[in-house]
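In the two complexes that follow, chain A is the common piece, with chain B as its partner first and chain C second.
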Partner chain A sequence: MELPEAMDERKRHRILMVSDFFYPNFGGVENHIYYLSQCLLKLGHKVVVMTHAYGNRSGVRYMTGGLKVYYVPWRPFLMQNTLPTFYGTLPIIRTILIREKISLVHGHQAFSTLCHEALMHARTMGYKAVFTDHSLYGFADVGSIHMNKVLQFTLADTNQAICVSHTSKENTVLRAGLPPEKVFVIPNAVDTAMFKPAPERLSCDEIVIVVISRLVYRKGADLLVEVIPEVCRLYPNVIHFISFGKTCVKVRFIVGGDGPKRVRLEEMREKNSLQDRVEMLGAVPHAQVQSVLISGHIFLNSSLTEAFCIAILEAASCGLLTVSTRAHQVLPDDMIVLAEPDPNDMVQAIKKAIYILPKIDPQVMHLRMKSLYSWHDVARRTEVVYDRALQCSNENLLERLLRYLTCGAWAGKIFCLVMIIDFLLWHLLQLWQPSKDIEEVPEIVLPHHQPEEMSQNFNEDQH
Partner chain B sequence: METRIEGNPSPTPRKWRKLAYGGMQPGYDDNYTDESFLEEMVMNANVMKRDMLKVMQDSISISQYLCVVVLVVCVWTYTLGSTIGETSLLLLDAGLLGSGFLVLFLTAKRLSLNLLSHYCLNIGFFISGLYVLAPIYHTLTRSISSDSIWALAVLLLIVHLFLHDYSGSTIRPPGALNNPTLTSNISLNASIVASVLIASRLPSRLQVFAIMLFSLQVFLFSPLVTYCIKKYSFGLHLCFSFGLVTMTLGLVFTLHRLLFSLLLGLLVFVTAVCPYWLIKMQEYKFEINGPWDEAKLCFDIKE
Partner chain C sequence: MADVRLTSARYTYVHNDHKDPFLAIDTHHIAVRKSIAKIFLIYLSILLLLTNTFYVLLETSSTIFLWSILLGAFLVKSLHWKPVERDSLDATDLFRESILMVLSFYFVFEYTESVVVMPAFGVQLETPYGSGRIIRRFVPIGKILKPVLNECVTPVTCYWSLALIIHGEEELMLVFKVKFNSCGILGIGLILSLSVRFEERKDPKESIFLLAVESLFDCPRDMSEPGHPNRIEWDDSSSFRICKIRILNKCHSAVLLILVSLLAHFIVQELRPPVKMLVPIWKALCAATDSKEAQI
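What follows is the complex of A and B.
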């Protein structure tokens, strides 16, 4: 087994991030990879991102801070995933690994076929591999059973795994049959420089509740359909009277996001004649999320399942009080009102949130978020995982095959076969194109950017 | 952004808490696993304890329908062997139609003349349509050898039995909640194709018409009739099934000894071995639930 020379220097890692999901596509995983890479670059590591081509964006691109991105010319075929070919990506992954003198491969997201393939090839070539799981999965339906088997295959041989929450760790350990000590919990963070609260405190005469999410079943759009009219009924707009010494508050909703359930929400709005109290914005580009958030007082998240909800962090960073389902351990108890995914309970939670709202100071909340979540902290914690992964001993093919064999009566044997073929193909490639023929990229040291610039360039990078 | 909560720099580390915020907890690595790990996991929460007798009773529906199909095959065999003539077949059709209607109306909650006339009109259209099409069915498969027809018919019947909806009825009975599924529709179509294939082997047009009518009556409406009987009274359902099974076994016994023993074996397998097997397999049930599961909505989504 040959290993890049960069292995000797312990301090500076050379990391290849692999996922099907990266900018210009948008979502939690894309965000995570971008910010983590930026912060790792600042820590002095070399980071290269590999993803598939998006539209005509194919080839090598540079992003802020000298982040090099390989858009591999493979077309996505389903939900931004590349076609699983097992070995099709081996030559290009090998070339990138050698060209960039990579020491460690870090794959993201369990649905990403590119990530699974890259981790498999990387392990075959003797590189260390780390995997981050961003999602939760059940155990009952056919899709989950298949995904869990694929995950088991990949994780059987990765050196360390990272999960974004404690629930996610429990889930991953069960799904992939890993020892829990191999799984690290490193939550996502939020770019507090980008999500700043409104400079002036909004008046509390009219309370604005903001919802920003894709309007799909999993995000609890059906709960919103039940909750919004009930809240509007509890806080009627028309009557202003003094009762028990306090004025009745007015409540307005702003719903950002698009999806199949948008029709239902609009129907609900028509049926209850709430056109003046429920504003539907449609899809909100991520760059505008902050400006929508700061126009509200309370952020409402009704998700039915969530590995780690970044939207809550963004809202809290903008100084909004959050009412959420399924968001345990994400924020301190005084910054969030938790509810069960049940309409009555959510209405109660919103009532409670409106009651405690006057005590919330957005600026204080923002400062607290700054201390609680930071991508730099995430990068430092991930660095520890990389160190651990690199300390793992090198194993030969036989030892690795033995581990695969324990993955299941039939699956184990299939996994072994897949790995043996991969190993043979790799050796064939070595003969066909020896690694000394692959040109290595020269080192370019870019001046370090200031943290403020990261978020400024962030919006440019998306397009 | 550079700040990071370090906690108290006291020598004794704070107890580890299951939190996502605040960065790495002092004194604990990120892969720290404490005893609360997986404590919210629930195993086999929704497992239904099954009762042998109940499963056996439920399996009666399957053996009942199995017998219905075997009876149809018997009638086909007799017709092809010219044991049953055209007139007796037409009489059989009429008798089945009459008794079917009788059962439907006796088990219905309330009789309605409107529904009856609606049914009669539909049946009238159906029969006349079939009569007009009979010459086409008669010559439909002339160019295909008989062996292929038998093989195909057997295959289609197996598909039919395999995909049949034993719990409900593909023809939607009044008051049924669910729409028929795709598989039950495929099953129904397989049976109809099988009937057409068999009918096309018959010598006269009237025979083709009679056998088609018979097969369609049974395949389309017998699930409806048995469903109604079952809904009306479970005891009656059991008696009816028992009668049907005995009749079928008797008929098959006179036809072929080997087929008789095969059918008997199959019926025993369905009503006794399979339920026992199902209950035995319950102990391998391994269902995992936990906080990662998608929440179930506690209300119905009204589209």
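What follows is the complex of A and C.
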């Protein structure tokens, strides 16, 4: 009979997360990598993150829970992306993979050049690779066509892929030409400990509708310009008769966020004289989002297309009722009111939301969100993907080159050439700097980490 | 006296721990062996670089032959030269010493750096150089705040280094230093690259190449003000005749400088012993620093 420790040791993975997007940047991808890494560490795996240097922040840093981060001193050149040199990052990636005894490389975000290069080099060196796509991309413009080709190249040889929603899976499968059975869907989660509802329930005399998003076309800022004046016109501080009796309903808007469409919203505010009913906060730092959300009753999201809207989860975790376009079906039906991306339909949805608002209990909503969306659950599901990836067979260069040839008439041959050169450079590097010269990092055990206590709590959560 | 010895591919660590009450010092040595293949590659690339530079400079095979003979004679003579230590050196001696330093360095296959820990007084760091000189630096124990093991990340690699945090100084003091031993070669390369010039070209293919270079540097055609750094003088007799283009000089000089700096990178002797050799030295330094704090 095997000892439990031996079984744990066998299942324990050593993962390298690679992306251009990580702390000190704030965003969906950054938070995803951080929370997933923390939960994987709690499950007993070893996680190392690799990203590019941010200003003076260069070298090795340790974050909470012993999460080791390599800020490799490669300068970003465009929108936080490392300069794509194809083979320039091969030496440093090889060094990190050997010294940390990595078993699996997990890349994040299709827009990250470091991720693509790391996955390419990891596959050349025989490591298993997993890729997570966080965004939706188009098919029509030149940028998208090139990005899709690069994605096709990377995913041709990746063992498994993860998408954050079924919509995102469809989009990724079409863009990269992947077999759908290779793609897993693991939705994002929300940090319910950070997004808690207000301790005291807000009074329903004045309904506050909160909007927090980037004010760009894709996030439906133009819809807001139509919807807000219409709603304010429908609720002009007039007494409404509702089934419980006479109630005075006032509606106010709080708009947080910045972007090119902010000017349009300001103009709408001026034109309709809504300065006292529409409050523009500007860009809201992530740490202050919760305090803005708990000052409202309803969260309005009008984005036209999105892979996964974490903002809705954050709002639901804070106990707000959500009104959203049909692009998002991430919440149960009693927590969200859906509408078509049309101003009239959205106004009707807001009316319905105001009507059902008294029946909503923020604390109950928060507890439901806690059970539905948890990063621990995401980590457990990701662990299953890692197990599947590690069970894939090891292939030699010729077998892998056949996969690249299917990427296109000309592209396939170019991809094969790129991989052959990478293979040759890897062997040259092995001659110049043999693996035995690269020293493995000793394990550092943090003094406050108590694995027995952690596993007890984990077991309690499961029951 | 207890001796501990650890060996890896390139480094050997020796620890002499003197327990004599009158001689309470703790000595740690790290010996470095250089790889012969690397030395051979470096020599080959230096030879290729110099040959290329001479070709660009002079372009005639008989002159190359003459120069290569001269270079060979110079190298052979330097190899058999005996190192002499002098206090004051004039210009020719300095040049000779720098070449000598480079060459003798490559023919010395092993050298040792030492750390002597004197708990009550301080730490002495010994660094040998290619010409045979040994530089010793003493750091008083009062000035050392803490010894640290640093995990350094460069664009191409990661390694461990041992450093001291010194009171009153912003930068860490490395216990094992990075050494540059290519001053002579760098000097030759720089002088040659900056002196490259081009004579008038009448070959249209070459003119097209020069035109392409010109477009690369985004240089408009009518920069005729004297004193302009990228001044081009046009010969009006033919549209493809270009003479005395300084841009190409700079382009070629830039390429040569890049080659020389890459070479220098390989020639730089960086001491990167494994962490298992650095840890006992770090512990000894920590013990010395802690005992100093205890005394205070």
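Observations on the structure shown:
Criterion: the second predicted complex is superposed on the first by the 422 of 463 C-alpha atoms of A that agree within 3 Å, B and C clash if a C-alpha of one lies under 4 Å from a C-alpha of the other, contacts with A are read in each partner's own complex, and residues count from 1 in each chain.
Here is the rule we use: a contact is a pair of C-beta atoms (placed from the backbone, for glycine too) under 8 Å apart; a residue touches a chain by one contact, two chains touch by 3 or more.
The model shown is predicted, which means the values in this text are computed figures rather than measured ones.
In this overlay on chain A, chain B fits alongside chain C without clashing.
In the superposed pair of complexes, A:187 makes contact with chain B only, with no contact to chain C. In the superposition on chain A, contact of A:95 is made with chain C only, not with chain B.
Looking at the shared chain after the overlay, A:280 reaches neither chain B nor chain C. By the touch criterion stated above, A:390 is placed in contact with neither chain B nor chain C. Look at A:376: by the touch rule set out above, it reaches chain B but stays clear of chain C. Of the two partner chains, neither chain B nor chain C is touched by A:150. Rounded to the nearest 10, the angle at the Cα centre of chain A between chain B and chain C in the chain-A superposition is 90°.
A simple residue count on chain A separates chain B from chain C, and the partner touching more is B. Contact with neither chain B nor chain C is seen for A:360 once the two complexes are overlaid on the shared chain. Once both structures are fitted on chain A, no C-alpha atom of chain B lies closer than 9 Å to one of chain C. Chain contact summary for the complex, chain A toward chain B: residues 136-140, 165-171, 173-174, 180-187, 192-193, 218, 220, 222-223, 226, 264, 304-305, 307-308, 325-326, 328-332, 340-343, 370-377, 381, 384-385, 451. The residues of chain A lying in touch with chain C in their complex are 58-60, 70-74, 88, 91-92, 95-96, 99, 433-434, 436-437, 439, 441-442. Residue ranges on chain B touching chain A, taken from their complex, read 1-5, 18-24, 29-31, 33, 37-38, 40-41, 287-288, 290-295, 297-299, 301, 303.
Chain C contributes residues 9-10, 151-158, 160, 274-276 to its touches with chain A in the complex.
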